[in-house]
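Have a look at this one before I ask anything.
In this document, chain identifiers A, B and C correspond to the written order of the chains, with residue numbering beginning at 1 in each.
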Amino acid sequence: MIEVKDLRKTFKVARREAGFGEAVKALFHREYEYIHALDGVSFSIRDGEMVGYIGPNGAGKSSTIKILSGILTPDSGICTVGGRTPWKERRAHVKGIGVVFGQRSQLWWDVPVIDSFELLKEIYSIPGSVYSKNLSELTETLDLSKIVKTPARQLSLGQRMRCEIAASLLHDPKVLFLDEPTIGLDAVSKLAVRDFIKRRNQDHGTTVILTTHDMQDIEALASRIILIGKGKILLDGTLDDIRRGGEHIDETVAELYKKFDV
Amino acid sequence: MRKYLAFFRTRFNMGLQYRTAAIAGLACQFFWGAMAILAFKAFHDTDPSSFPMSLPAMSSYIWLQQALLTLLTMGGMDNEFFSVIESGNVAYELCRPVDVYGMWYSRSAATRVSNALLRCVPVIVIAALLPAPYGLSAPPDLLTFLTFLLSLVLALAVINAMGMIVYMITFHTITPRGVRLIAVNICDFFSGDIIPLPFFPAGFKEFVELLPFSATANVPLRIYSGDLHGPEMVKLMLLQVFWAAVLIAVGKLIERRELRRVTVQGG
Amino acid sequence: MKLYLKYFEIHLKSAMQFKGSFFATIISQFLTAFTVFLGITFMFGRFNSVDGFTYEEVVLCYAIILMGFGLSQLFASGFKVFDSMIGNGQFDRILCRPRNEIFQVLSQRIDFVRLGMLFQAVVMLVYSLVTCPVDWTFSRVLTVIFMIAGGFVLFSALFLLDGSIAFFTIQGLEVMNVFTYGALEHGKYPLSIYGRKMLTFCTFVIPYALIQYYPLTYVLGRTERLWYMFLPIIACLFVVPCWIVWRIGVSRYKSTGS
């Protein structure tokens, strides 16, 4: 159960012009600009839900994800994940979540993938029996058996993403955050990743929160959509709610962005 | 020639943009120079008769060394070349319709000169204001100063040619970091960067002076401080000319071999 | 501890992927330390002593400081690349894991090439232990161990401070190198040779003298003050302000996200 209530976050950004003179001036006097990344965001997500969290760049998506995963502290508001406040009990909190950043890797570049997995076993203090059970299940469902002995740098993007996802699930998290999990993948890999996420959700009841610009991801995975723009929740509903006719999902979303002027 | 000048200008402008880094670097060099002088002074105070240079000459040597650090040491090599080599893009460079050696040589020299120009002026000005025997003193006479400038140009020619050879032998290593650092260490030591050559044991010093490494910073710094003069100075400067010619020739030879390799194997 | 061993294994495996470059870098690290040693040797070919310290004593001094520095380069160099960890999001990943942040940053990098430097330190240490005309009592041996450990902690604290700066500015501060590399380079001689003012600075501002000059005089029998032996432990307190800066940095990072 994820509860978010009236979350606010403002960033102070120093404004500075280019040039040496301006740099000197900035030493004595700085002008700041305030950016309301989150302006009273509230929503709640039940266990086992799959939610697509969408919005244009800079809308506050990643701030929300960062707060939910304990990396960022909000200015005000309430946020609990499984009863815990992420930024107050960081270590206990992160044991129960898994995070996949589509554009970054958590695998060690020069050693076989399996070594990275073994390391994660120690980092999360996963008991041996649980680890081998999870590993064999993930190896099978993600079809990793042929690639875990290969150093990560020699894997294709699709193979690597499958390993990244496995790495985030070794400790059996209740909540999984996926940040653009299909970015740059070919069609076959995309389908494999989507299939896997869906199955994971059905078999383990894992709560999935997905941010993406790929609307096919949303269509395939999310039963519910939260649209954020300019730091505010603009829309929270099912895919069918927002789609009136049979038009393409991209058009629907583009329409929404236009409507809310974000 | 116009092409080379254009390269030089871009490098200089790029260097100018990192002002904060330059100021921080300046503070470092000051501290470094001051500590080195204090250490040598401690030796001098212990036994002045064993000190092979005068203390003011020593101070001048150290300050000039700090001022010309990026100009005359192996460490002043252009890191951009190494990333070109590491990424494998070197094959493209070798395929361009210009004299590759000449282009790289001038680019590398331009990097050295622009980095040094930015740093040397403040170091020289402030060091000159320090009280004797700690400061940078003026050269004995105008002729010495002019000889110093000539020797400085020769030293740049030698160190740059040496750097070129290092670039070229790292063409085929995946990570040139190790090879480069070994070259830096050897060159630094034999060019009098750790302790000036006059402090080397007699006999060994004369041998080291024949090596190409000592044809770099060693000669101009010692001419300026007045430690090197007369026939000895002429000899070392002729050696500088000799080594510059030899090293450039060797570099060009390696370049030709590399070019053949690229055209034969297609990179 | 088990986790750290695991990291150790992975770093070793990674390093072994590029053996040629790895060993070339080890050799270069050795040469860096060796040429400095050679410089000292040449200087003492000309002078019998400096400020009352003999060749063997200076070699002992350099061996101790090099050992402390090399160890902290080996184990604490994660902080040296910390700015890039912030830049590429690795620190976000670290915050997503149920382990101490400092521990994780340390684990990200074990710089095995520093073994080249440590090799030179060991050789010099053995040489000076044998040749120094010192009566090696238990307390003196212990003092040498304290000095090495103190050096390790002090340099690591400076690396921690250096890393913490990345929280506050994107432009790396080259100035910090003076306090790490500079302290190694100029700490090869007992700090007293640089004069009173420098010694005071190195006692009260950054406590290099507490791990180097003062305990060294005890080891060499220049002083009877047994308590000099424990000064390296006091020097370790320098970690506290560095750690506070780090904590401030982390909480700032968490509130600004950059």
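Structural remarks
One rule holds for everything that comes next: a contact is a pair of C-beta atoms (placed from the backbone, for glycine too) under 8 Å apart; a residue touches a chain by one contact, two chains touch by 3 or more.
On a predicted model such as this, the values are computed, not experimentally measured, just so you know.
The chain with its Cα centroid farthest from the Cα centroid of subunit B is A. When every chain is represented by the mean of its C-alpha atoms, the one lying closest to the mean of all protein C-alpha atoms is C. As a whole-number value, the distance joining the C-alpha centres of subunit A and subunit C reads 40 Å. Distance between subunit B and subunit C, defined via averaged C-alpha coordinates, is recorded as 29 Å. Measuring from the averaged C-alpha position of subunit A to that of subunit B gives a distance of 51 Å. Contacts with at least two other chains are made by no residue of subunit C.
Across the interface of their complex, subunit B is touched by residues 18, 20-29, 31-32, 35-36, 38-39, 42-43, 45-51, 171-175, 177-178, 182, 185-186, 189, 193-195, 198 of subunit C. Considering their complex, residues 20-21, 24-25, 27-28, 31-32, 35-36, 38-39, 42-43, 45-47, 50, 52, 173-175, 177-179, 181-182, 184-186, 188-189, 194-195, 199-201 of subunit B touch subunit C. Residues 11-12, 63, 66, 69-73, 87, 90-92, 94-95, 97, 99, 101, 104, 106, 108-111, 115-116, 118-119, 122-125, 151 of subunit A touch subunit C in their complex.
Residue ranges on subunit C touching subunit A, taken from their complex, read 2-3, 6-7, 9-10, 13-14, 17, 88-90, 92-93, 95-99, 251, 254-257.
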